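We call the chains A, B, C and D, going by the order they appear; numbering starts again at 1 in every chain.
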Amino acid sequence: MRTFECDYTEGVHPILLDALTKTNFEQMSGYGSDPYTARAIEKIKAACGASDATVTLLVGGTQTNVIAIDLLLAPFEGVLAPSTGHINVHEAGAVEFTGHKVIALPGHDGVLDVDALETYLETFYADATHEHMVRPGLVYLTHPTEYGTLYTKAQMQRVRELCDQYEMKLYVDGARLGYALGCPENEITMHDLAALCDAFSIGGTKLGALLGEALVFPKEAPPHLLSQVKRHGGLLAKGRALGVQFDALFSDGLYERIGREAIRHANRIRKILERKGYPFAWASPTNQQFVILSDAEAEKLLKTVGFDLWGRWDAGHWIARFTSSWSTTDEAVDELDRILPDKTDR
Amino acid sequence: MRTFECDYTEGVHPILLDALTKTNFEQMSGYGSDPYTARAIEKIKAACGASDATVTLLVGGTQTNVIAIDLLLAPFEGVLAPSTGHINVHEAGAVEFTGHKVIALPGHDGVLDVDALETYLETFYADATHEHMVRPGLVYLTHPTEYGTLYTKAQMQRVRELCDQYEMKLYVDGARLGYALGCPENEITMHDLAALCDAFSIGGTKLGALLGEALVFPKEAPPHLLSQVKRHGGLLAKGRALGVQFDALFSDGLYERIGREAIRHANRIRKILERKGYPFAWASPTNQQFVILSDAEAEKLLKTVGFDLWGRWDAGHWIARFTSSWSTTDEAVDELDRILPDKTDR
Amino acid sequence: MRTFECDYTEGVHPILLDALTKTNFEQMSGYGSDPYTARAIEKIKAACGASDATVTLLVGGTQTNVIAIDLLLAPFEGVLAPSTGHINVHEAGAVEFTGHKVIALPGHDGVLDVDALETYLETFYADATHEHMVRPGLVYLTHPTEYGTLYTKAQMQRVRELCDQYEMKLYVDGARLGYALGCPENEITMHDLAALCDAFSIGGTKLGALLGEALVFPKEAPPHLLSQVKRHGGLLAKGRALGVQFDALFSDGLYERIGREAIRHANRIRKILERKGYPFAWASPTNQQFVILSDAEAEKLLKTVGFDLWGRWDAGHWIARFTSSWSTTDEAVDELDRILPDKTDR
Amino acid sequence: MRTFECDYTEGVHPILLDALTKTNFEQMSGYGSDPYTARAIEKIKAACGASDATVTLLVGGTQTNVIAIDLLLAPFEGVLAPSTGHINVHEAGAVEFTGHKVIALPGHDGVLDVDALETYLETFYADATHEHMVRPGLVYLTHPTEYGTLYTKAQMQRVRELCDQYEMKLYVDGARLGYALGCPENEITMHDLAALCDAFSIGGTKLGALLGEALVFPKEAPPHLLSQVKRHGGLLAKGRALGVQFDALFSDGLYERIGREAIRHANRIRKILERKGYPFAWASPTNQQFVILSDAEAEKLLKTVGFDLWGRWDAGHWIARFTSSWSTTDEAVDELDRILPDKTDR
């Protein structure tokens, strides 16, 4: 049975698999000292317009977030995040494990409420006891968000200004970054991220890599980066596995192409859902589409097609997520169209 | 100038000072192995009706909370607390420093909303991804709360039932416990705490000790407790300093007497504030009284009497806290009565 | 230029690559919930004769060690290790990052001195202040060791007995386990490890996987394992990458075959080195061979063949490491034979 | 029965107790914002000749060491210490709890072997894999040492030079500092410590305070110090308790006087032990004297006078510690003289 449950149900993009296969018997040194990693890093820096950036290739998303946050923060500082942010909800306390408080702020459909951020900071510093509280040292955003939504450039710039004003860093979790870049609605390029952030990640896993995230520090390089990555258990012996994949992802515009194609499929899925009368939980321009299904509808539909019961809408309804990805095909979307019952008939 | 800013503005209760002085040249072994500590622990166990309890005497409140929470939780678990709880706001991230997430829940005037707790737990375990989230392992309450309010016995029993149902521990931070015990409105005795909690603290610092909190584990003793306290930097060389004070505090009903007297003073203060027309931020039956002052009123009044600008009420008003304690005298309250302008004149 | 510097210079064993390629477009759920992971785990349990074991597949060696150690220890306990143990030297403090002390003990060529272990434990518990010291909660061994050497079964059994006597756990780091299993000299099977250890790892990365280590808890399953792995940043989204590889590694005796073949190559390398008069730093029966080269010899030889300058022997000499692996060929060893100067000529 | 087991068997020096008593009912703000703490800090800075120093008053020794080390180190760095150093042995892993490795180096009677330190650093940086190892970021020394011995000024200067050369910090644990300052043999003044160290502590607990250690950062002030102390659970509500005591300790030369008097008593004790034929474990010029007793001697003597069975000398002998302190009297030493059997009679 076909599934649209998430964007990591298949293995690895054929071009990346081909690159891994072709280079398989080349002997290379470990821990990211191989030439493919070096080349991948140069290409990523070029794609970000950040020739002075420091880039490291890591295995997974939680690891990447934790390393970025722990390296950007002073030990006693905490990270501000929308309450729906991945680090606040779905990373099993990995950030707190490194000693940092995640301070949750309100948001809308995954997007941090920048006014609430400003109010928090004003209130914090107006409080005479604020030295007894956790100093906010960093703002964490996801782009696209967990809700598939996007920040406007104005929003992210305003966050940056608040970071400057209150001496904080800015980190953007780009686990699905390619699916933002592939959207016409997206206003924020990799160049923008390099200009606005102290660090950001470029997701590989959800964009066709077997595994791998690029972590970019566009400005200041963290000291002893390899050692710090190792201490976090994030240093891969065969760093080539990451290097070869990111070298391929950042060659011939593949990363952007993957994003654009997946968005084309997501748009088809959205139109099918709209046409057939499925109410949307909220509008998402990216590769995740969220509709509301009654419990009975969900149960029935899951017998014919896979999707994610993302969360509860209310007592009798689910939020159902349909996801496109690098591996989605037109045939798969055609099949979804055939399977999905038309609710407008009733 | 007289101040009512908090309940730790004076040093140590004369009876405790006398006990410290009298025992000063007795030679005793360190680290809590002295006879006064042993005797204090027996008296505390008797006061709690918990003959099998394990008690340790610690220096400060944050230390006590962190040790209790870290020892009761599995490393990967988090602690549920009202968003206004001391550990979530005013302990500079000390709980997160030990690797545990503080999960903030709504409350009312410092009291955890038990319905919200139940909803949180139901939602958590209904979520198919909950193994990616921080397992709630403990509920943290303060009694009295940071707002001077009290839990009803029914509320605390319901929290205990939820803890049993969801395999969680219960810890009550009693930094101001004596000021609850001294209240006629208080429904929760030390016997109740011993029956309901996995651990609770009995505050000494705010009740007349120079320093010191008793941490009680009424049921299960944590393994290698001395070693764990030492690892947290909480083992006092001259443990006698704590033992002698708690021995005195728990002799001849002193702890309860201190609480009752301070509540008598607090009631006088409340009546003075009421009579003179000061609007209360919320009702508190314990030793902290919270009234609303305009910024101009606050500024003027601070020239003649000390109190705490506890927080903002709104853009133009402060919440002002007036606190009684073990060291409050009738003369001091009389003086406050003389100083405070009568707002009903206007 | 050919290199023998380590056992992770090539990518992935062709059989594993083939398995990854064949399954690439099968849609599977993430985080290790796929059927290949389930099948791999069953095969590993069968190979260990441990039907009640809990097995999890992880990405890297440091991560595996840290997760094993942190999950086996109480928070306040430390781990005993030979001073040359990987966790004490080459993991950038990853174990201490989780709050545990590594207590270094003497050893011989990488093998823990079991007499020294016994003396340490006797002395520790005879010390009246031992509650002020870090309680030893676990013994960490590597098999084969970092020096290529092996524990005898009697040695490991004696360690187990001391663990039982002093209420400690035993963890064996098997990053190169296959290269022990492939040795005729090896006395310790996977069945033995399952019987003797509380946890042990079965290295994939150095045995032909692109990445991956299996962590086996033969007896007691750690609670909420997935959640704990996630908290350590070790949960892979596309768990299939590990499942498919380990499924292949543990099919048709591949894991043992890889080990045996590499040991055959290592034996050839050793004989070549012996025949040509290179003095050995110590005897190693496994895939790593250590000889002593003068600085001048090393510098010259590195122009024609790669090997690892593993460490200093003395002021004028290096310990040079020549490693065979799953990817070593007879042609490569023949080439080494041609390249290596004969020192007996002189 | 009289005891000489350690230097914290009595409570508090009468002058300090008097100061606590006299100031007891003065109302003061909490958390070290009181005038006595401010005055104490000024006096300590003057005593150290370090007008730009940052000083904080803390409760206990382990807490002080951990806060100093954690604040001076980058998160990924470790601390070099003699293997006998208090942080490596008797702090229950409190330093590792904050994520830092303690790297143990050889020493002689408690004094770090500076040659071994230099060799360690040379070897570390000559190792091509050193980024996989814990970067040494700090040297920890005690003065006097746990063995009662002292560093020469030349030794400490050489350590400082190595710290400069290898970009490390230097921290000196002065839990018994006053007993060094009271020795004619001592070459290192508080001015020297301020010039040589990045931080050092001035012990109060063992020098007559009920509790309290001063932590001095002579050069660079750690950011948000109060907040960091709070996060470590080390911020005392009634900071006055520390301020009043240190104000008294650093008035009228009391701290030095206490040290000198205790050393006078220690010298008497040493002469008594010498005269009566007790073999010394090693020479100590400070307030702790270590002699070797057979198990039978120790057992018998403990029936008439208290001392510390400090450790094993060999299978049949103890190292026995006799300690003088701020509370030792001539009468007590006379009594020891009467009690101690004369071994030269035999």
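Everything below uses one rule, namely that contacts are C-beta pairs under 8 Å (C-beta built on N, C-alpha and C of every residue); 3 or more make two chains touch, one makes a residue touch a chain.
In this text the structure is predicted, and so the values were computed from the model without any measurement.
Once you count every C-beta pair in contact for both, which comes out on top, C-D or B-C?
Between C-D and B-C, the larger count of C-beta pairs in contact belongs to C-D.
From the C-alpha centres, identify the chain that is farthest from subunit D.
It is A.
Report the inter-chain centroid distance for subunit A and subunit C in whole angstrom, where each centroid is the mean of the CA atoms.
34
Averaging over Cα atoms per chain, report the distance between subunit C and subunit D in Å.
42
Measuring from the mean C-alpha position of subunit B to the mean C-alpha position of subunit C, what distance in angstrom results?
51
Specify, in ascending order, the residues of subunit C that touch 2 or more different other chains.
76, 91-93, 97, 99, 131-133, 227-228, 230-231, 235 - these are the residues of subunit C that touch more than one other chain.
Which positions of subunit C touch subunit B when the two form their complex?
That would be residues 70, 74-76, 99, 131-133, 135, 223-224, 226-228, 230-231, 235 of subunit C.
Would you tell me which residues of subunit B are touching subunit A in their complex?
Its residues touching subunit A are 76, 78, 89-93, 96-97, 99-102, 104, 123, 126-129, 131-134, 309, 311-312.
Help me check something: in the complex, which residues belonging to subunit C touch subunit A?
By the definition above, subunit C touches subunit A via 2-3, 5-6, 8-12, 14, 17, 20-21, 23-30, 59-63, 66-67, 91-94, 97, 205-206, 210-211, 227-228, 230-238, 240-241, 306, 327.
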